[in-house]
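Please find one structure pasted underneath; my questions will follow.
Chain IDs A, B and C follow the sequence of writing; residue 1 opens each chain.
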Amino acid sequence: MKGRPSLWSWLWLLIGTLYFFLPLLATFLFSLRAKKGVLSLLAYQRVLQDPRFYRAFLFSLEIGVLTIVFSIALVVPTAYWIRVSAPQLRSLVEWTTMMPFVIPPVVLTFGLIRLYSRPPLPLTSTFEGTTFLLVAGYVVLSLPYMYRAVDIGLQAIDVRGLTEAAQSLGAGWGTILFRVIFPNLRVALLSGSFLTLAIVMGEYTMASFLVGLNAFGPYMWLVGRNKTYESAALSIISFALTWFCISLIQVLNRGRGVAQIPGAH
Amino acid sequence: MAAIRSEQRKLSLLLERQWVSSLPLLRWIAGLPYFGFVFFFMILPFLFLLIGSLQDAQGRWTLKNYMDLLEPSILEAYSISVRISLASAIGGGILGFLLAYAITVGGLPSGIRSALLTFSGVASNFAGVPLAFAFIATLGRTGLVTVLLKSAGIDLYGAGFNLYSFWGLTLTYIYFQLPLMVLVITPALDGLRREWREAAESLGASTLQYWWRIALPILTPSVLGAMVLLFGNAFGAYATAVSLTGGFINLVTIVIGAQISGDVLYNMNLGYALAMGMVFIMTLMMILYRFLRQQGERWLQ
Amino acid sequence: MGFLELIHLTKRFGNVTAVHDVNLSVERGEFVSLLGPSGCGKTTTLRMIAGFERPTAGRILLDGEDITALPPNRRHIGMVFQSYALFPHMTVAQNIAFGLQMRKLPSREIEERVRQMLALVHLEDLKDRYPHQLSGGQQQRVALARALAIEPRVLLLDEPLSALDAKIRMELRIEIRRVQRQLGITTIYVTHDQEEALSISDRVVVMNQGQIEQIGTPLEIYNSPQTPFVASFVGHLNLLPVDRLDMETGIAWVAGQPVRLSSPLQEKRAAMHLAIRPEELQLGAIEGYNCLRGRVSHVLFLGSVVRLQVDVGGSSLSIDLLNRRDQKWPHPGEPIAVSFAPHAAWLL
């Protein structure tokens, strides 16, 4: 029955493809029109020669890496611990990973700023403080995906068995985590990391309120306010970046689903 | 020989006792960082907003903020948010379903299927600022498609279309709603067993009867659940709207955003109540989604 | 002309021939099993009868009508799937009623028919349950009732019991046969379990690699296998290599020992084997019977049967004996003599 694709299937595919590619194509063509009357890469040149581009890009990249590191440090031991010694807390932890969906990024930002702009923890008064807050916020945003990736990864390996084998050979918790668990989670961690990176690089909501134009998202927005051709070029660059990250994840996961990123919307 | 063996036994008993006794301590230490983080960066901000919504500017307890939510301009904001979320969820949901149908039951080649799924993964994440610019470049006043259509004689903006409006924003939202639907509903469509169709055929059902009596009813919880997910997704969206309309359309998220930047039009406590209103709606959606997904998975194991 | 006729039925998938030149004539009311290992083409043949696969060549006639090109929903055939394929969103009663609703019968009649079917498979109490609330055996009975409700011309079953555990399987196959007899419905049953096929069928079709090896009653298939495949697939069979064959005296030499054969000898083939069923062998040397000597290698207690494995000149011979209380069983390593009647063995 799954034999011959009917005409309808091709029709829906056509419509879907048109809808997807038209904006991309239009944006790309638009970005080539910076020089009057001639198709050129002028817009791209201008973007890539803008020092603010690199500053914002690197800043967001650093934040992304920090987020990934903290996220992994937080999630892996917890997910491991849940599986091995506290399975009864599993539903509680899963419930906490659902919370970022229930609290939209705008609301979260609202709460974080109001809460941490006053004593005893006036984080927003210093640059380091706000950066820390931003990383924390991003860890929250990426939590569901990182946790799910790690959980699936742990499920695929016999966590209990490996732990008990390692213990019977005399390993302590640190050794078990670093030399037994982490190496087996490489794929899961990589795919969770790339998703987190994609989240952070494109994120606008939190970044705009906390660090303003230092981050890549708000930088893109500013360019859009003033320069149409450059903003189209940035759009294409951003799309290519996202494509790169997601493709890597697909390759790593070999076809398992990829979820959507919050905060970028 | 026996002496060595008894020594070994003593040692292993000792180790065992240490292992067992270290367990409760380890249990708590291991959990602390995570729950600590959750507390400080999720629960506490939420509580802060909750408590703030129940207080007035002087710190006294009151329900006035929630009463103020019924103010027409605020209800309008919620109404717009709900309507945009509904429109993009239904629009993206239906189109996404049809596309997912094409690559599963519809029998398109597996190369196309994996390409579409990858692309959906990318497109569902290509949102916010760059997406808004892409649509401006496409359907804005000087957008490529607008200009193309004008040269073909069709004046979009003259006919009343405006990208920077409700429907323009909905159209833009659908760009990431559609692929999300494809990603979420494809596993459900995969779960539609071939044998059900064959059993129905052997019992005399035509293709239409099969879809009407068997396939669609079985798929309904999953499709509804996916649309609920889409609704929640659109409801919480901020960046796309702000980039496209500059805050021109009064979505709840944009109003809240204005609160953060210190908009003095409303009072802060009202802003907290607004935020809680959003959380309440999102929680409802989440519960509904989980219920529907459970139901769907039961039939589509 | 049978009720169901398969004429030169062939199915190719690309380069692979799944079914090759299958010819079968089934009488009305007959219970025929298609038996064979995985991949032998039995399921593909069944699906062609049902209409889910289009034959590459050949024809299918049902009650005189050529149904080869008819779509499955117009064939009026009942099908029971290995995975039951019950509609999960419908109750037991609704599942059974479905085919009747497709035929646009009046609702009163549908209700009555559903009631009859439920009674037939003894599931009256469960009519408002959903499939996920039923056990595997119960689900399969609902599937059976659903297929039979429309009073199909032919009932097709595709390994319906392989997902169930042994005890339920035995109960259900008797159930299926009982129902089939009661309704007198022509039935084709696909299975890889030879015990199943032999115990309930009127005739068995043994298939291998897309072709029919033999068609016959269960007794014929077991006692007179016509090809080496049938002989070794159905039941347990000993095959001892023959060193030398004397056509004049009718004596074959096995492991250096003479064996007299009674079945007519065909021409010599390159590598011949002496075939004999384990249950035909007896302990000890018996007057007038063939005797083989060897050494016991294993004694396996299989419950009601004890299987001795004996090493005869390098080949293994299995002997099945009934487990009698007073019997003294030989030990591994002991020398032993086994006897069999000349007519019990044949050459393959």
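Following the convention adopted for this analysis, a residue touches a chain if its C-beta (ideal position, glycine included) is under 8 Å from a C-beta of that chain, and two chains touch if they have at least 3 such contacts.
Treat the numbers as computed from the prediction; the structure is a model and nothing was measured.
Student: Counting C-beta pairs in contact, pick out the pair of chains that comes out on top.
Tutor: A-B
Student: What's the chain with its C-alpha centre farthest out from subunit A?
Tutor: Result for max centroid distance from subunit A is chain C.
Student: Using the mean of all protein Cα atoms as the middle point, what chain has its own Cα mean nearest that point?
Tutor: B
Student: Round to the nearest whole Å and give the separation of the Cα centres of subunit A and subunit B.
Tutor: Centres of subunit A and subunit B (C-alpha means) sit 15 Å apart.
Student: Please work out the Cα centroid separation of subunit B and subunit C, and write it as a whole number of Å.
Tutor: 54
Student: Could you please state the distance in Å, as a whole number, between where the Cα atoms of subunit A are centred and where those of subunit C are centred?
Tutor: Result: the chain centres lie 57 Å from each other.
Student: On subunit B, where are the residues touching two or more other chains?
Tutor: As it turns out, subunit B has residues touching two or more other chains at 198.
Student: For subunit C, which residues are shared contacts with two or more other chains?
Tutor: In subunit C, residues 52 touch at least two other chains, as defined above.
Student: Among the residues of subunit A, which ones contact at least 2 other chains?
Tutor: 1
Student: Considering only the defined contacts, which subunit B positions touch subunit C in the complex?
Tutor: 193, 195-196, 198-206, 209, 213-214, 217-218, 298-300
Student: Within the complex, which stretch of subunit B touches subunit A?
Tutor: 19, 23, 26-27, 30-31, 33-35, 37-38, 40-42, 44-46, 48-49, 52, 95, 98-99, 101-103, 105-109, 112, 114, 116-119, 121-138, 142-145, 174-176, 178-180, 183, 186-187, 194, 197-198, 232-240, 242-243, 253, 256-257, 259-261, 268, 271-272, 275, 278-279, 282-283, 286
Student: Give every residue of subunit C touching subunit B within the complex, in rising order.
Tutor: So the residues of subunit C touching subunit B come out as 50-52, 71-79, 81, 83, 85-89, 98-99, 102-103, 132, 146-147, 150.
Student: For a test of understanding, state which residues of subunit A touch subunit B in their complex under the given definition.
Tutor: Result: residues 1-6, 8-10, 12-13, 15-16, 19-20, 22-27, 29-31, 73-75, 77-78, 81, 85-86, 89, 93, 96, 98-115, 136-137, 139-140, 167, 173, 198, 202-205, 209, 217, 220-221, 224, 228, 231-232, 234-235, 238-239, 242-243, 246-247, 249-250, 255, 257-265 of subunit A touch subunit B.
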